[in-house]
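Report on the structure given below.
Each chain gets a letter, A, B, C and D, in the order it is written, and its residues are counted from 1.
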Amino acid sequence: MDVGAGPNLMAACYGAGAISSLLARWSGRLAVGVGHMAALAGALAGLGASLGMLLGAPGHTLTQALPTLFPFARLSLSVDGLSAFFLLVISLVAVAAAIYGPAYLRTHSPDAGPARQAAQVLALNVFLGCMSLVCCAGDALTFLLSWEGMTLASYVLVVSDDRNGENARAGLLYMVMAHGGTALLLVAFLALTERAGAFDFEALRMAATGLDATTRTTLFFLALGGFATKAGVVPLHVWLPRAHPAAPSHVSALMSGVMLKVAIYGILRFAFDLLAPAAGPLPSSWGWTVLFVGTTSAVLGVLYALQQHDLKRLLAFHSVENIGIILIGAGLAMILWRTEGGGGALATVALTAALLHTVNHAAFKGLLFLGAGSVLSRTHVRNMEELGGLARHMPWTTGLFLLGAVAISALPPLNGFVSEWLTFQALLGGAGRFHGPAGLAIVFSAAMLALTGGLAAACFAKAFGVTFLGRPRTPHAEHATEAPSSMIAGMVWLGALCVALGVAPGYAIRLLDAPTGLLLGGPVASAVVTAHGPLVLSTALTPSGADGTSISMTTVAALLFALTAMAWVLRGGWWRAAPRTAPTWTCGMSPTARFDYTATAFAKPLRLVFAALYRPRRAVTRETAGTPYILRRIHYAGEIVDLAETEIYHRVERDISALSQAIRARSTGRIYGYIGFVLGALFVALLLLGVVYR
Amino acid sequence: MTGGRPLGLVLLEMILLVLLGPLVTGTIQKMKARLQCRQGAGVLQPYRDLAKLLRKSTVQADTASGFFRSIPLLVLAATVAAGALVPVVRVGPPAVPLGDAVMLLGLLALARFLTAVGALDAGGAFGGMGASREMTIAPLVEPVLMMVVFSTAVGAGTTELGTLAAHRGTSWILGWSAADFLGFAAMLVLLPAETGRIPVDNPDTHLELTMLHEGMLLEHSGPGLGCMVLASHTRQIVTLGLVSALFFPVGPANGAGATSLLLGAGRFAATILVLATYLALVESSYAKLRLFRVPQYLGVGFVCALTALALRIL
Amino acid sequence: MAETLLWVLPLVPTVTAVLMLTTRDRRMLSAIDIGGSVVLLALTLVLAREVATGGPRALGVFRIDALGLVFLLLLVVLTLAVSIYTVGWLRQAVAVGNMKAEFLRSYFALVHAFVATMVVTVLADNLGILWIAMEGTTITSAILVGFHGHHHGLEAAWKYIIVTTIGISFGLFGTVLIYAAAAAAGVQGGAGALSWSAIMKVAPTLDPGIVRVGFIFVVVGYGTKAGLAPMHLWLPDAHSQAPTPVSALLSGVLIKCALLGIIRFQTIAAAACGPAFPAQVLLIFGLISIVVATPFILAQHDIKRLLGYHSVEHVGIVALGLGFGGPVGTYGALLHVVNHGITKALAFFAAGKAIARYGSRDMRVIRGLFVVAPIGATLLMLAALSLAGVPPFSIFVSELMVLRAGIGHGDWVAIAIFLTMVVVIFAGILHHVSAMAFGEPTAAAGREAEAWSPLLGMWLLAAIMILLGLTIPASLDRLLRRATEIIVG
Amino acid sequence: MSAETVQTIIDDLGALLLFTMILIVAAGQIYRAIYAVAAQSFLIAIAGGVLAMATGNVDLWVIAGVTLAVKATLLPWVLHRVVQRMNVRREVEPVIPIAGTLALAVVIVVASFQLSASLGPVRQAITGNALPVGIALTLTGVLVMATRKTALTQMVGLFASENGIFFTAMAVTQGMPLIIEIGVILDVILAALVMTIMVLRVRSTVDADIADLDRLRG
């Protein structure tokens, strides 16, 4: 298809979807159906456009003027390699969400009135459209407007999903923090626009060349702060685990899988494009900061995820972790860019790792949220303690969720492993290049990355096992049925992506050529990573010039498959007798669901190991029958705290509100007090400005 | 890449490892028995057990889902595939790129993950407890292991074990730097944890208080259990192989003379034997640690590894 | 043609007010009300076209230029919206007995008298006339504030009339000083010496010292009327106690008229003693207003007081824009005047409907508005988001311009304070409003259907609000540019 | 008469005005305050007459007359009647001790003279000391309002500060335009009227002084 027409077509479809919410006046169902259809069309258009850009015309930028809405700024779209890549990520997940959505909304909230349905359809399309526009924006104003539109639409989706106050509070926190972030972005952008005297990125680049080092760094950190808030970087993450689960599940998939990536886009755009000095490396403080916050977010994110019992909250915390992993790659790329001789292959590897993890995380996190959604829509329970034993009723959902779990735990042969492997290689190269503390820091973050992977595996062993395996703990879980086929289809699409990106990542690397080439100007991704053909991933980056490490996911996957088959044969293949079944061994008692290991119990050892961080609180109440030796009932309540939340946010909130209460309580209602203020103001002003001011 | 190990050889080495796995276990058991002044079973006992298990029929928990029966196969496959990444008789990169140390750890982690999932599948407290504890220890071991690998890999700039070994050359203990010693010390601390032995785990018992790995196998039976047991044998020898590849690189990088192959095999066997003896000694001279003392125990390894890296990089 | 309009325009509401006294029938009154507003709007549009083509027009003490036109348009549009809103609001108010039927006509008459005085303030070229009309607005609106007659209303009205009268008398003193300076500079001829256009001609020659003192008097004086802190204390009382439509006019237009007065003097002061001095003064008062308003917004329970304090903040933002100065800042300030007027009126309307529905102004009582009145709740939410400065609503654009001016001006401290407060206030507003909009409705909630006329009035404003958020029409842009030129030269 | 004599007369009148202002501040009884403000307005009228004679400006005669009629006679009379009608407490109920108010008044007077001294060539614009005196009167009038609890005293203070403005306005060479002055006076009358109505209204509905209400706060 024609590349130029792509974005327009996409925007048109999303627009149509938004308008189709009007249909809710006649039938909510109709509006939902048509709206998601339009969204699907838009997503496919976006997919086509981005693929066309990435494969057809890498390196060339597609610009397009928009109607002049505001006299002081020229609005325009400009789609270059980076934009196209993120547009691709958005569209990939959007396709799944659009397929999945209608059935989900129908089964999850059958009692939704037309008003709510209309709001959701409208918001969904605006959300998708704005996310795509942010990545395609060619000027600061378009960027900011679509950025805010994205926030507002997702806010509407969060608060509109359910009528209870929880959503409203989550939305509030989300909105406030997003606004704070936008304030920082505003300053960062406007400082450039006022220098440039124009809003389009071209002019901003020109203006940025004249910046002195301090201003440049200040602006970068302002922007970083703004984007990090949106990306949910620790300690700016507190809104994320509340807001993401509150939205409808396919929207959660979009928020966690895609919206955070838009923030990553912003960071890359600022660091490597808008603010990058004309020549020479980036200020070292940038990359090291990003690497540091990335590592912190990765570890803390997974540690907090481990202790969640709300399935969707757990997934949301894992988004914090994965954003951290992406930032490790990005930060490393910032550190290494233009610092090394020999074309800077290492920076390319680091950036490739970050971008590849971006798309990988979009795939498996989207899959996992959709899976959680189909559980939710069938059981209306998010607390995994009340689930269990779903595997027998929901085989498809279970299998796909397991797939996602393996992928997100960075286990071969799925996609999560590939990007983490690349990250490891980049870290190894970096450690080889920097001697002294710097190298040690890099290796340390590699170790933290390994820790993260292990903890993620533990977390998903728990999440999957407790939710889907064992015995059903409540009637909700007992009477669950498999999700409708359209929802399954949505999940299969993402599941297939996880497998494809895991088994044959080499072919996806080609898509990274445009962004890596654009940002780094060094060797492109495929020239480094798939130098030995698409089936082999290699890193040609040893200081000794030796050929680094090369692995082949495809061969390993084939080997695994063959070995499984052989093991199957070893076990007797088809000729083997069907197994006898017997109750699980529980020391001779007849097992009930109470015997199953709960999520709390599963996570307990790690809770104790990391007690310093969790500050766990527990309350155990015993009801004894007269003598303390005979317990009638025992009630256990335990919780852990999010340090950032309790130590920073609650404190600030308390102080501010207390202060305002105090001020308000002290204010007078007496008129002579009012008059006194007026007189005082005049008197002071006269003295200060009339006599002193000269 | 010259001197690459042909795929055939790689697969041969893999099969070799799988076949020798039970023998190592048997040897360790025998040594333990001796150290405890017992006669003990023959070194071939594990083979007999396996043969018996494979012949038996399966009893499966009624709560287990459809996944349960495929789990032993996947676990075994993953572990054996990890075996393919360890150079046994020759160093140098494989002619057909396969995987590196990270991939090896990944495959072992995959096996562990699936085992834990299988344990949870049956329901019931024992499996869950075993899974929970296993998944508690593993994340603490992995970063240290990764650091040990890095401490040798930083110099070579690669994590591919064959290339790594080739880059180290056939350096014997006398040729070691301080970093090597510390890294090796860390490895020695980690070995019992990674192979599921005292003082971290106790392979000989299903008692609730001590078990990690064994508890997870409780619900498996017959051929399935056989696969799991074989997998744990293989896992053990693969871990030992990893150590020998990192610290006792063996065999000439190229030149496929039969003698050199035999030499390599011999040295590999020697290394394995030494490490096995070490494990046996540790097992019979230490008591199992309480679960919550394990982090401190691993902490020792962490410090060693970090120091090794510091020495290597600074 | 245009010159005669200058005389006719103030007469229209006056005549309407007189007509009101001829009948007691509510429908009849509402009809006259809307009719009068429509005529006013129509004539203003004619005048606007005349000015757009032929430039400023003057006749006697009256004069219309682009600057005045901005405020005039805001005034007449809001007047029409208020008239439409009043129909349904009044029916409800009479039904529950908030408004005695025999007072209806005096109420309507007063509202239009109020409008008439405001028209005069906008059109006045003679600074004396400006002052007289300003005091006129105080008197008429003070009666409206106390119209309900219960002692809360009277208290608010008393505070309002006393404090603003003091303020305005300061304004008069400032005017006298400027006049003295002008007379000293040799502006001849009685009333002519007080005419803004005449003074502007000789402004550069005025004695800076006396002009400086005069400007301070004016800023404090008219600033009191405009609700700049710390002279703002009367504002939340008055705006919260007034009948809702009057609150909309007070917050939407009246304080802007006072701002217009300040702007007129600012131009003189800028010409006489350099633009830096008046900018400095306005900047300081603007920042004080923004900061002072914040805690009262956060810790507020009365929704109308909340909106009142919010007006203080936004007047502060306008002052800030004027203080940052330059074409961008001034343009932004004027745009903000329009945007805030429209949005704040909408907010007061929506709040008024919610109050009527729950019979309370306590935001802890108002819950689950989305359940009982989805449209009203949506409008309230829109207004709140816009007030908080979220795109795609109008106020974001003007705040963006003010921010641009500040950054161009390089005044980082002011920007830091401004942004921090804006974010905190955003949190406060959204906290209050989302608590009201979502959740399960309290028992107090009335379940009656939503009346058409208030919704119509609100949608009218909401449409303008969103339109101005998405684009600035070329005509408005031209107008604002002209007005900006008048201020910054 | 010559400019110098006019200036001296104005300055003397200014001194007298300040004296009356001090009387108002010091007045412990509301009647005294009313008489004092009446006297003050009377002095203003005289000043108007003097300036009218000096400049031969007819407008100033009118203004002086109106001032005499309205501010020196009508308003004080109205206030007097109100005080009698509703037998309010006759004391002025200061917020801070009267001595303190006096001290503040002194500060204000000094400051205003200092201020106008700091201004350059104002002299030829405004006759004599009319500017500092005017500023002093205006601010002190407001000071009285800010330090008194009863509504009527506040009205007195308001009139006093209006007087200050008038004095300065008249002293501006060639005086203020007539219509403006008339308009101003009309506004003052209207405001006074509305205020009086409110006072009486509150007195009749809830038996309280309107200036005492403080239900609306924060």
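Just so we're on the same page, contacts are C-beta pairs under 8 Å (C-beta built on N, C-alpha and C of every residue); 3 or more make two chains touch, one makes a residue touch a chain.
What you see is a predicted model; the values in this text were computed from it and never measured.
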| item | value |
| --- | --- |
| Inter-chain pair with the most contacting C-beta pairs | A-B |
| Averaged-CA centre spacing for the pair chain C and chain B, given as whole angstrom | 78 |
| For chain C paired with chain D, centre-to-centre distance based on mean C-alpha positions, whole Å | 31 |
| Rounded Å distance, chain A centre to chain B centre (Cα mean) | 35 |
| Inter-chain centre distance, chain B versus chain D - centres from mean C-alpha coordinates, in Å | 100 |
| Multi-partner residues of chain D (at least 2 other chains) | 115, 118, 142, 145, 154, 211, 213-216, 218 |
| Residues of chain C engaged with two or more neighbouring chains | 158-159, 162, 166, 170, 213, 296, 299-300 |
| Shared interface positions of chain B, touching two or more other chains | none |
| Pairs of chains found to touch, sorted by chain label | A-B, A-C, A-D, C-D |
| For the chain D and chain A complex, residues of the former touching the latter | 95, 108, 111, 114-115, 118, 139, 142-143, 145-149, 154, 211, 213-218 |
| Touching residues (chain side chain A, partner chain C) in the complex | 69-72, 115, 144-145, 148-149, 152, 159, 163-165, 167-168, 171-172, 175-176, 179-180, 183, 186-187, 190-191, 193-194, 656-657, 659-661, 663-664, 667-668, 671, 673-675, 677-678, 680-682, 685-686, 689-690, 693 |
| Interfacial residue positions of chain A with respect to chain D in the complex | 664-665, 667-673, 675-676, 678-679, 682-683, 686-687, 690-691 |
| Touch list for chain B against partner chain A, complex | 1, 54, 57-63, 65-67, 69, 72-74, 76-78, 80-81, 84, 93, 96-100, 102-103, 105-107, 109-110, 112-113, 116-117, 119-129, 131-133, 135-136, 138-147, 150, 153-160, 163, 167, 218-219, 222-224, 226-227, 291-292, 295, 306, 309-310, 313-314 |
| Contacting residues of chain A [partner chain B, same complex] | 389, 391-392, 395, 398-399, 402, 406, 409-412, 417, 421, 424-425, 428-429, 431-432, 435-437, 439-440, 443-444, 446-448, 450-451, 453-455, 457-458, 460-462, 464-466, 468-471, 532, 536, 538, 541-544, 546-552, 555-556, 559-561, 563-564, 566-568, 570-572, 576-577, 579-586, 591, 593, 595-597, 601-606, 608-609 |
